[in-house]
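In structure tokens below, several structures.
Both complexes shown next keep chain A, but they swap its partner, so chain B is in the first and chain C is in the second.
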Partner chain A sequence: MATTTLPVEVEKKIHEQEALITGAEAIAIACKLANVDVVTAYPIRPYDTVMQYISQLVADGEMDCEYIVAEGEHSQFEIVKHASICGARVFCGSSGVGWMYAMEALTVSPALRVPMVCMVGNRALDDPGAFGVEHNDALAVRDLGWLLTWVDNAQEALDTALIAYRVAEDRRMLVPLAISCDGAFLTHSQALVRIPAAEQVKQFLPRYDRGDLLLHPDNVISVAPQANEDWVMEIRRQNYAVTERACSVIREVYADFGRTFGRKYGNPFFEEYLTEDAEVVLLGMGTLSTRVRVAVRKLREQGKKVGFVRLRWFRPFAGPEIAKCLERFKAVGVIDRDFSFGSPNLSGVVATEVRSAMYTGASTRPPVLGFICGLGGREVTVHDVEKMTDIVFEAAKGVTQPLTQWIGLRG
Partner chain B sequence: MGQLFAVEIIYRGVFQKTLAKNITRGIVLAAHNEGKLGISFGRYGDAPERNGIPAKSFAIIANDEQTLEAGMAQYEPKHVDLTVVLDDTLCKGAESWAWYGLQPVHHALKSGHTLIVVSLQDAPTLLKTIHRREEPYKLGILKGVTSFSGMWVYKDDHTDVRVLGAIAKALPELVSLKSVEKFITEKLKNSLKVTSTQTAYQRFTAVDVKPGKGNPEELFNFELLPWENMRNGVSIPGQPQGGPYADPVTKQTGGFRPARNELFKKYSTRTQRPVVNFSTCTKCTLCWLDCPDASFDVTPDGTYDANLEACCGCGICEAVCPVKDCVTMVNESLFHDNDSQWVRYKKDPHTYLKWLEKTIEMAEPDEKRSHGFRYRGQYQEQLPEALEVARKG
Partner chain C sequence: MCHATHDLKAGKENIMSTTFVDEKPTQNLEAFKGVKKVPHEEYYTSGHRTCQACESAQIMKLMAKAAGPRTIVLGATGCMYVANTSYYSTPWGVPWMHTQLGSAGSGALGVAAALRVQMRKGAMKDEPINVIAFCGDGGGADMGLNAISATLTHPDYNLLILMYDNESYANTDIQISGTSPYGANTSFSTPGKVKRIMHHRWKKNVAPLMIAGHPTCKYVGTISTSYPLQAMNNIRKALSIGGPTFIHCLNPCPKGWDFDPVLSFELGELAVNTGIWPLYEVENGNLHLYGKTKDIANGRFKRLPVRDYLLKQGRFAHFVEDDIEYFQSKIDEMWTKWLVPGVIPLQKEVEADDPPAR
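Our next item is the complex of A and B:
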């Protein structure tokens, strides 16, 4: 409870504030609260909003960090990689083909155990040049040892950024982490966000310490020497060990986040909406959740028992838990804001992963239908969701449906 | 399973890559004249692309497809029927980017089989260098200088077909002289080369090497750690800085010796080594400054001693040294240790300088030859002589 007797600065330190900010701004504020040491930037929409907000925080004297504008995304990610190995807490990010241009730097950082935290402002990959959201950019690193999470509102963006530093910098982890924010829908729209006090964040987020992996004159090591086939497999196994631990570390951090800030997220890996008595569910990632929730409520008014599962963490993919969750429904529809051309059943990435998780983890296997939807920033409308739900209900009745369908497509 | 043969060619990376490939191809194509099947391949890795690094090429030959497939179902043959060494300085052991530690040249050679070395030296001299082993083998010398045949502009000196002739003699079950001749006539279309292979076949002999005979040097080895025991983050401990060390005679400390990686010694990469005249050294620092491998120790005297565990024999020190005959590159095969030259000099300067003079003299002219070539046109100058040696066998 704020008291009028305290000076403004002190009040800011110990009390939560409320502000009307975008998802990108929320992440910028999280960087300030996390006391990030090195930020690298290179403009590309929609990621560039976060670099603008951080530069403003620096210019206003609210944030103290090395702010480096690189000459391209490859350098942007290389710089934070090196800074991180030298013990700096780092932040960077990109979008679409900018992220792809950094690909070499992105591939090397998991093996080097670099806990860089990045924001991917999801954007369609060129060509055609387009600004709108598509998830293929961030998904390009899905097999490489990165942690990948999708958020659906500005509050979650801020909270997840703080959680991201705790998870990535955990000594059991030390791997890069990307927070995916849907371009425009999240990065550019303002919402009311509760900003935690700096003191609380300090309590939640310990100092970054990479121990004997620190590159420093007092800890003489050589990083990234050339190795032949006698070593590569063992190095990959080390990253595999990180993925084995990832789920339990994330669960731990979310529990601590809830205790510290009083905002509880429940199951960290996915959020269930009206699934308790649902016959069928839709599953998706990111901001399309708003439309889906509205549609679900509307459909329930018509007596259609549909629910929604929003996936928060794509890597690690909480396979057994997701399979256990989904096995109880009569049919599942997965909404992919991405494509995976030539994949099994020609489905999107998430549908393919869900089916794979179900094959081994579920005791019953309801039909899993894939929907490709909302590409290139196209709106996923309430009507689209209704249409997908109808198809899923048909499948639940036993009427065979195509395993992959494009929704909201002309023609 | 039918009969399976594996032949290994050990060569100097880059310089002899084409020659080695030509030989393994020749083995396959010649054996194919007898209805046999085979493949020819290089040990995959970075090594063959790097100057002078020991590298390997293989030929696998079988009577039928299934046997051949069995021979192919491994990265490189663990046991070979014949090993050919194309540069006698390699007899000191192969230790490349890919292997760690030092392996004797007959590492994979089956008991009782033949090791062929292209060399001007005789068997007793080579056995001072070739490591001893438990199983007996045969050592055959194909007289010749280290050949660059097939490398860009260097002229063909028939080393490829001479090696094939020697192989036909050493292992006739693999391939007969007749099949080799047919291959040369039909594929290489060169009757002079047929003569070369016949001569090599006729003159090639091998001596028996009894178990335990050879260089008693302990081979250094390397432990491949399980993944749990490896450091994370693709990181390895760095080397400490190093520091001053003692004069063997006065016991006074001084100078600077950098600490070096105990697990990575470069001496098998060397085909020549610098010998240093410490009495004429002007301490100009150029050798130390320009050495790409930081292999010079600064002695307590302020002179520069090439550390032979770190030196890869590139010859840059000789090229930059402004003093005549202060640093001279000499063929590696003339040396049998890696001891400090400076320590020897300090203990007995007179004897050392006499030895130095003799060593440099001995190095003329062929021994001076190396993969590093000391001046433009040296190879062309030496080629007639090399061919003469080959002709005489």
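Our next item is the complex of A and C:
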């Protein structure tokens, strides 16, 4: 009997598996597939389930890595920082104030050109203590040279983790990257996820090669000697150059991801939902998109032409593209699951960035309203979304609205 | 590699194989048998800008020489970072990296882990590479203490944390650290019109803290740059014994202690001969006092009065007779009351501490 070669698409299906897993587990599996070398753990909810899964993978012999439990987040991030400079592919993560405890290590990593990939299980910052999601933890590093992405479901978490290593370790980049997953809503929620075959991942993700920046006796270099006013500005400019290149590298890697795994994400930077004929749109990051989509469908049944833009990458912030996308609507409402006290218009971080992008990149500038919503893990309900949409429609009609409003607030 | 197999008493079946500690071989550096046997090659050379008679730079140089070319050095923030590695004029002949102030322990762990896993996976040539984190007393005894402590509990990784101790934050303008001696005049403890003694705390006893707290750590020791051959050989031993190790080195600092640079070497000797700075190693749990310290403990050498040491330094110039006596009484206590004289400050009977100034 003659053997026939199966089409590539069919081959992929054979080796791909499907499993009901959480967002954290999806990222743990991505780490296994990426053959990560050094993983550091420290407990804080809700990110830490990813480390529980990795610990199990190591114990079961499914993953070969140095799995180190640190004595605090500062050490957790410092360990992987140093390991990465010595050529190891690394993974770590944190949440809320744990992420802030690591801040010194987070600060120095972009300038050291460390491609560490981290998971942030977004959590409200203390005080008061709260487990629920808020985006201020990851956003705290937004000016330092980190790449920041927000994912919305477990499949995207797994895919983005693979993409993250390709982007971060690209010789043109070599900067740290944080994958933000909304605490509880994504870290602990299960969904059916397609897990690619190890061979496919190997093809997509070559071994991390630090080249002449490797700290090793065969490559005698001094890393980060003291430089003052004579050179610091030039060194900062090199990090700036990375951010200039970031969008094109990310676009390239998403295209290759689509070719390799057959799952195409379209525009990597943001996802549009029912925007084609929309008069107004809402914009937000992370898992709130589920509720927004439900609300948008409901509102459309009532004849209200509203759409939704989910921002996937916050750093780099695809300013010109976002401005071009948003300029065509009559009004825009930005839902911030964060705060930026004392900022212009007292808005959240995302609204402030969107307005900044619109000011220079848009030919017409519709009103951009800021909504602070869903803090501390409070749900962004369908009712909240309806309320925000109504406010945005009022603005579209020309009725002046406050630039920042808190939605879903008691009392 | 140490494999242990568990037998089930009932079925006598091998149910699983467990790897406890996966030890990697070290370079096994033998002691230099005399000064003339020490190699000429330097791995910490010109290009730095440390002070005249800087003993901290001296131990860094000896450390690099003792470790040799197959070494990675991490330098925690401190005077030995800022004064040593200026952009475009690095003095390092081995790979070197700046490490944050509190990261000597975590940094060394990260490097050792990266080397081990890449060698295991065949991504890097399999060979023993020395990993040394060099930190100051601020980085080691204050800010980085928890990271060093955690690292000393990891038996799988071969590394050395060398803490140079010039008893102050000497980079930032000489401020009190956890190892500054009682009463020292620093820029955070200058004597005033009302308070003569602004620094009341006794120096942290760092090496015994590491010994007592980390039972699986195979080597902890103290050294002094005034005994360079011994210092190099102890460093070589710490790098060869396997697992994480810790060395505490006292380094007289002309700028911070306020003395004529010509006295650097002599002050290092005086610190030992007065009993203020005991020299010892703890190797696999066994304590060996060495040098003059051993003679002091055996009663073969009578400790010199601390006055000889203190009055050569401007940082103690404000001391009155009571202060010197108090300082002497605390050193006497180390040698007469401590359960392990000079090392472990447990006492059978505790007496009231009565310093002359508050």
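A few notes on this one:
Assume the second predicted complex is superposed on the first by the 397 of 411 C-alpha atoms of A that agree within 3 Å, B and C clash if a C-alpha of one lies under 4 Å from a C-alpha of the other, contacts with A are read in each partner's own complex, and residues count from 1 in each chain.
Methods note: a contact is a pair of C-beta atoms (placed from the backbone, for glycine too) under 8 Å apart; a residue touches a chain by one contact, two chains touch by 3 or more.
Values in this document were obtained by computation on a predicted structure and should not be read as measured data.
On the shared subunit chain A, the superposed partners chain B and chain C overlap sterically. Within the superposed three-chain model, A:222 lies in touch with chain B and with chain C [touch as defined at top]. Legend: residue contacts after superposition of the two complexes on their common chain; A:237 is shown touching chain B, with no touch to chain C. When the two structures are aligned on the shared chain, A:66 is found in touch with chain C, with no touch to chain B. Once the two complexes are laid over each other on the shared chain, residue contacts for A:113 go to chain B alone; chain C is not touched.
By the touch criterion defined above, A:94 reaches neither chain B nor chain C. Touch criterion met: A:104 reaches chain C, while chain B stays clear of it. In the superposed model, C is the one of chain B and chain C that contacts more residues of chain A. Stretch 256-264 is the one among 130-138, 220-228 or 256-264 where chain B clashes with chain C after the superposition on chain A.
For the contact definition in use here, the residues of chain A common to its chain B contact set and its chain C contact set are 85, 220-227, 230-231.
Every residue of chain A that touches chain B in the complex is listed here, in rising order: 85, 111-113, 174, 210, 212-213, 220-231, 233-235, 237-238. On chain C, the positions that touch chain A within their shared complex are 69-72, 74, 81-82, 85-88, 90, 92-100, 102-103, 105-111, 113-118, 120-121, 123-124, 129, 146-147, 149-150, 154.
Those residues of chain A whose C-beta lies close enough to touch chain C in the complex are 35, 37-38, 64-66, 68, 70-72, 74-76, 78-88, 104-105, 108, 207, 215-217, 219-227, 230-231. Across the complex, chain A is touched by residues 45-46, 75, 97-98, 100, 224-227, 230-240 of chain B.
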